[in-house]
Amino acid sequence: MGEFGRRGVVVTDIRRPDPLAVDRLAEFGVATAHEAMGRRGLAGPGIRPVQQGARVAGSAVTVLAWPGDNLMIHAAIEQCREGDLLVVQTTSPSTDGAFGDLFATALKRRGVRGVVTTTGVRDTADLREMGFPAWSHGVHAQGTVKATAGSVNVPVVVDGMVVRPGDVVIADDDGVCCVPIDEVDATIAASEKREAKEAADREAYGSGTELSLDRKGLRPLLDELGVRYIAQEEFDAR
Amino acid sequence: MGEFGRRGVVVTDIRRPDPLAVDRLAEFGVATAHEAMGRRGLAGPGIRPVQQGARVAGSAVTVLAWPGDNLMIHAAIEQCREGDLLVVQTTSPSTDGAFGDLFATALKRRGVRGVVTTTGVRDTADLREMGFPAWSHGVHAQGTVKATAGSVNVPVVVDGMVVRPGDVVIADDDGVCCVPIDEVDATIAASEKREAKEAADREAYGSGTELSLDRKGLRPLLDELGVRYIAQEEFDAR
Amino acid sequence: MGEFGRRGVVVTDIRRPDPLAVDRLAEFGVATAHEAMGRRGLAGPGIRPVQQGARVAGSAVTVLAWPGDNLMIHAAIEQCREGDLLVVQTTSPSTDGAFGDLFATALKRRGVRGVVTTTGVRDTADLREMGFPAWSHGVHAQGTVKATAGSVNVPVVVDGMVVRPGDVVIADDDGVCCVPIDEVDATIAASEKREAKEAADREAYGSGTELSLDRKGLRPLLDELGVRYIAQEEFDAR
Amino acid sequence: MGEFGRRGVVVTDIRRPDPLAVDRLAEFGVATAHEAMGRRGLAGPGIRPVQQGARVAGSAVTVLAWPGDNLMIHAAIEQCREGDLLVVQTTSPSTDGAFGDLFATALKRRGVRGVVTTTGVRDTADLREMGFPAWSHGVHAQGTVKATAGSVNVPVVVDGMVVRPGDVVIADDDGVCCVPIDEVDATIAASEKREAKEAADREAYGSGTELSLDRKGLRPLLDELGVRYIAQEEFDAR
Amino acid sequence: MGEFGRRGVVVTDIRRPDPLAVDRLAEFGVATAHEAMGRRGLAGPGIRPVQQGARVAGSAVTVLAWPGDNLMIHAAIEQCREGDLLVVQTTSPSTDGAFGDLFATALKRRGVRGVVTTTGVRDTADLREMGFPAWSHGVHAQGTVKATAGSVNVPVVVDGMVVRPGDVVIADDDGVCCVPIDEVDATIAASEKREAKEAADREAYGSGTELSLDRKGLRPLLDELGVRYIAQEEFDAR
Amino acid sequence: MGEFGRRGVVVTDIRRPDPLAVDRLAEFGVATAHEAMGRRGLAGPGIRPVQQGARVAGSAVTVLAWPGDNLMIHAAIEQCREGDLLVVQTTSPSTDGAFGDLFATALKRRGVRGVVTTTGVRDTADLREMGFPAWSHGVHAQGTVKATAGSVNVPVVVDGMVVRPGDVVIADDDGVCCVPIDEVDATIAASEKREAKEAADREAYGSGTELSLDRKGLRPLLDELGVRYIAQEEFDAR
């Protein structure tokens, strides 16, 4: 990728996952998919939703932009299609409001499901009102310029989460998760198993018929680790 | 406690405060109880509510867990009763989502009022929907393991707030406060006095009959400290 | 200002902007006014709203207070009038809950529009219920004392934003912005132009008739910067 | 402690540990003593040394002060003796430079070993030159006042570490650790064992005669946990 | 300043303070000058020295730059003279390494005393070796572009500290302080008084002839505030 | 990689770069190599050196470990050879002191050049004394366990920097940079060009024969961007 380092590249005609699979992943949500993948693929806790209650998934169109510069987001819009989700990284940390309601208007028109960005966002009241969900490092009204080269549809890193174009990005109130395009089917299968198991657990815990200590067989482990049970009176008297 | 340092202990049969006193403290809320205690007992501003509008108090069941490991939360559930509130500290900072909807289901079944944790939480949409309130360092979907010893019902520290099992922990939109079990009655008495005084203040300020400068007798203090009044025109002309 | 450094001053009879102009600026909101001023005047992203959906503007009454000490807020209330907005800075970083519902009650009675503070706030549920909006560094119930001199209506700095008494401070979900009193008319004029332009952009992007790449004439810039378009297959084959 | 909450107390004639034991703990340093105590007693990573290469231990004289106010440090000096170490907490977070070279001059004269403070420190060049070591949340020149009550020799919390007067506080380049006065002997004994074991480990690893995988018997654990060994060529081919 | 907001301005022929006065302020250092000004003028604790042991003062040449863009630093060099100190702010937070050894080479040649920047710096080993001191938000090697307009010699804000061109900026191990050009003489006079007083204090505390509690007359204040003295035995027995 | 997600894998027999090329990259250092790669490959500013003045490069052996658990570092040592550099990521943020002097002893014996870790390190005085350099998120003495599966020699992310086993990691006072194994030769060539250019620049700036404004041809750009030159007197009079 060296030759494009400073000048940038817009990669077109990217591979995309099966739209039905993307929708299926949205139903599971971030926590379940992350667990189903073997506890991988999660963005760090610094990326938070601007709204409450949204849960979406989309095929990633990625942007690598200069801090304080939204030029490459303009270029990325043209690459977006129905079912995509825009993922923006700046080359160094920046809280500038690189994303706002005009971008959201254009993307919504194209059927894009939302945006995940390491930058700040602005026009947040408008974004909530128009129902275009965003996950970001924060909210800041600081305006940006259109002056510096970057890239569209190259691999990016969002708070530790690697995203390649065409990967499935899931986002909800718990954060953001990325399922590599080649792991979509396996993740759906594992998520279904996990959901079934959790439904049974929920039934057991909600009805009070069984403690997780017993259901998960954890009592022998506590014993093996040397954890002792002792009454408070005795504990205080030591 | 040295002997349990690495292997851990589960302290059973802990002392608990009078349930009616706990409910009374919940009515006052965090700010009033904190002031009534002489401005002590507050967790730092890093512990925030996952939901809006909840105000609860409970008798603390405490957990000291390894970062990234929820084994001891499993052990703690069995020690919880109606009117308790779970308080979780990890031995070093961790944002992992050690607490989610399955734990909440089990705890709600047992009458637990909520959870305060130095870790992250996940399944936050579910927690809000089921009405189980949580206060935490943040939200993160990162899964945890069940591999390392820790303790239940030993003293813990939550963002600077020391909590012993059986202390009353109050939590609302303003944060989290701990009332030691031996100070419950005194804190209720002082909170009642404070509320009466604040009601009178509120009446005075809301009706505009008196400024706090006069009501609190602060004008002489300003004078004694050498604070001068001067018109802007004169100020700018210096 | 040296002579007042330690002892403090309360500046009275400050200049204030035209109330109609202040209301007009509130309508534009933070992002538009900030852009209209040439991308200046914004507070950093660390100052966030306590509530959702408020948008206000007011003539600044400023407070420079000691950390952990609200004495000068008491002194500032007397200087506030209908249409003002209180702006509080401490001389060093402090998250203490220096502002709560009693201050809000007194300020609301005087027609003050809201508060922006570098400190923490408390009684946040009450503030939301009574409709008195606040922007702050965070929420913390920690109580404060009334012991140390400070100043009212001197220049203050809020997360990098300089505010002089009588400047117009705008605050909404996107953050906080300050329009110097001498730039109010120019900012209104520029904001109107910007809104008109954005309405046309929104129409174009929402209807899908034009991409921003074309509308803003950015294609030649991408070309000039050396950004290349290349299909994924070719990109991967390099 | 409620009665002293707002007005404060200076506790005199505190218990102190055996000076020889304190010196012994200084030799082990923070990491060894922390491990010897079962991985307890450590302050968080936010408290850092102002200098490089100092390693001290002392009997804690504690200060609970108001943010931005050093009055109680003045009161604490009188309570300090040869072999003590001053530990300062403010009631809420503050970076003000509450400690500087004049305090250090007075404390050094009294034989105090150093200072650990949740505040900022200043005159750091002087502190290094005079050989009085400090551990703090940071460096800031911000001056403080002498206006508000606090306490001396009550329990304090320093970045999660609980310190009671007379506990032994150890501080070096790795951070700060507290050994409760009743655990001093046990900690020395366990530290000696640990040092012996580590010396043998160091010999084995430095000479290359044995890997820790074998010396600690970890190969079976890796196997039990399902960790597989696989050559890169095979791994890439999956 | 509105007209220059987006396009920028380079202000030439700025007023500068008396060079002898600047050198005198360097001798006092940050903590003393800050106190002498009535505890004003200090940058926050986020701006730290890259080296240890430097203490300089200079007449400020200011730069307002775009994040990730060093174009205006290039423009500022031409405006610098013997005895100046470069002060750089970006319009929004940025840790990019906007300043490195080539800038330092050019500035040192012109007699500039150092640099204070809200950005990151790089080539820090070179900077230390060539003896050109820097104070910054951190260290980062991230390169910058030369693409966006900004300004030279307009007022800037550095971690809360307002700097106008020609103000005296003092920087040492304790941080950074700004003395407005009109307050230089008064600050020197007050600093001299303060140094004399501190020398006497140091003598008293170092010889152990007097405690600060007595020298500052603080015992009556403790009494007035209600601080009580009580032996540990009695305290524990409450 | 899904099948190894929870159970982990140790990849053996990894590809490594030419040792002479690695040494050549160490000579250039982080800032130069990062620029030569087109301003890519840099870790964020959160990873800092524990010592001052070290500059190393090595072939990456990577570790993906559980927070608070150093089991996989034990496993990684066996995979290390002369000229390697250990790179450690935990699956979620952790400041625990997962790396200390015993690991350094074993690695130094095997010819490893240093360690870069997202965790904390401890025994920092020993590390400096034995000349084993470390770059980390911070310093913390907190001990870790050996209980949870992870991986060795899988791709990791260190403060935004992606590292694959066998990539060249460069680390010095400015931070840490990763050169993919396939870009080593191109990066060396570009670094050499850059160094030559910078040497000429340094000569020009140090001798004062030319300003960078002229040498880089930036005057026309300032003009094109609308930056105006104006004397202070005129500026103030607007």
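Every chain is named by a letter (A, B, C, D, E and F) in the order it is written, and numbering of its residues begins at 1.
Methods note: a contact is a pair of C-beta atoms (placed from the backbone, for glycine too) under 8 Å apart; a residue touches a chain by one contact, two chains touch by 3 or more.
Keep in mind that this is a model prediction, so the values were computed, not measured.
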Path length in steps (a step moves to a chain that is touched) from subunit E to subunit F: 1
Third chains touching both subunit F and subunit B: A, D
Repeat of interface E-F, chosen from B-F, D-F or A-E - more than half of residue-number contact pairs shared: D-F
Copies subunit E and subunit A - interface residue numbers shared by over half, same or different: same
Approximate Å spacing (C-alpha centroids) for the pair subunit C, subunit D: 41
Whole-Å gap between the CA centroids of subunit B and subunit C: 30
Where subunit D touches two or more other chains, by residue: 1, 3-4, 6-7, 39, 44-45, 91-93, 95, 140, 142, 148
Pairs of chains found to touch, sorted by chain label: A-B, A-C, A-E, A-F, B-C, B-D, B-F, C-D, C-E, D-E, D-F, E-F
Contacting residues of subunit E [partner subunit D, same complex]: 30-31, 34-35, 39, 42, 44-45, 48, 53, 55, 172-175, 177, 198, 201-202, 205-208, 211-213, 216, 218, 221-222, 225-233, 235, 238
Subunit E-facing residues of subunit D, complex: 1, 3-4, 6-15, 71, 74-75, 77-78, 95, 97, 100-103, 105-106, 108-110, 120, 122-125, 138-143, 146, 148-151, 153, 165
Interface residues, subunit C side, partner subunit D - complex: 66-69, 91-96, 140, 142, 145, 147-148
Contact footprint of subunit C on subunit E as seen in their complex: 1-7, 37-40, 44-45, 91-93, 155, 157, 160, 162, 183, 186-187, 190
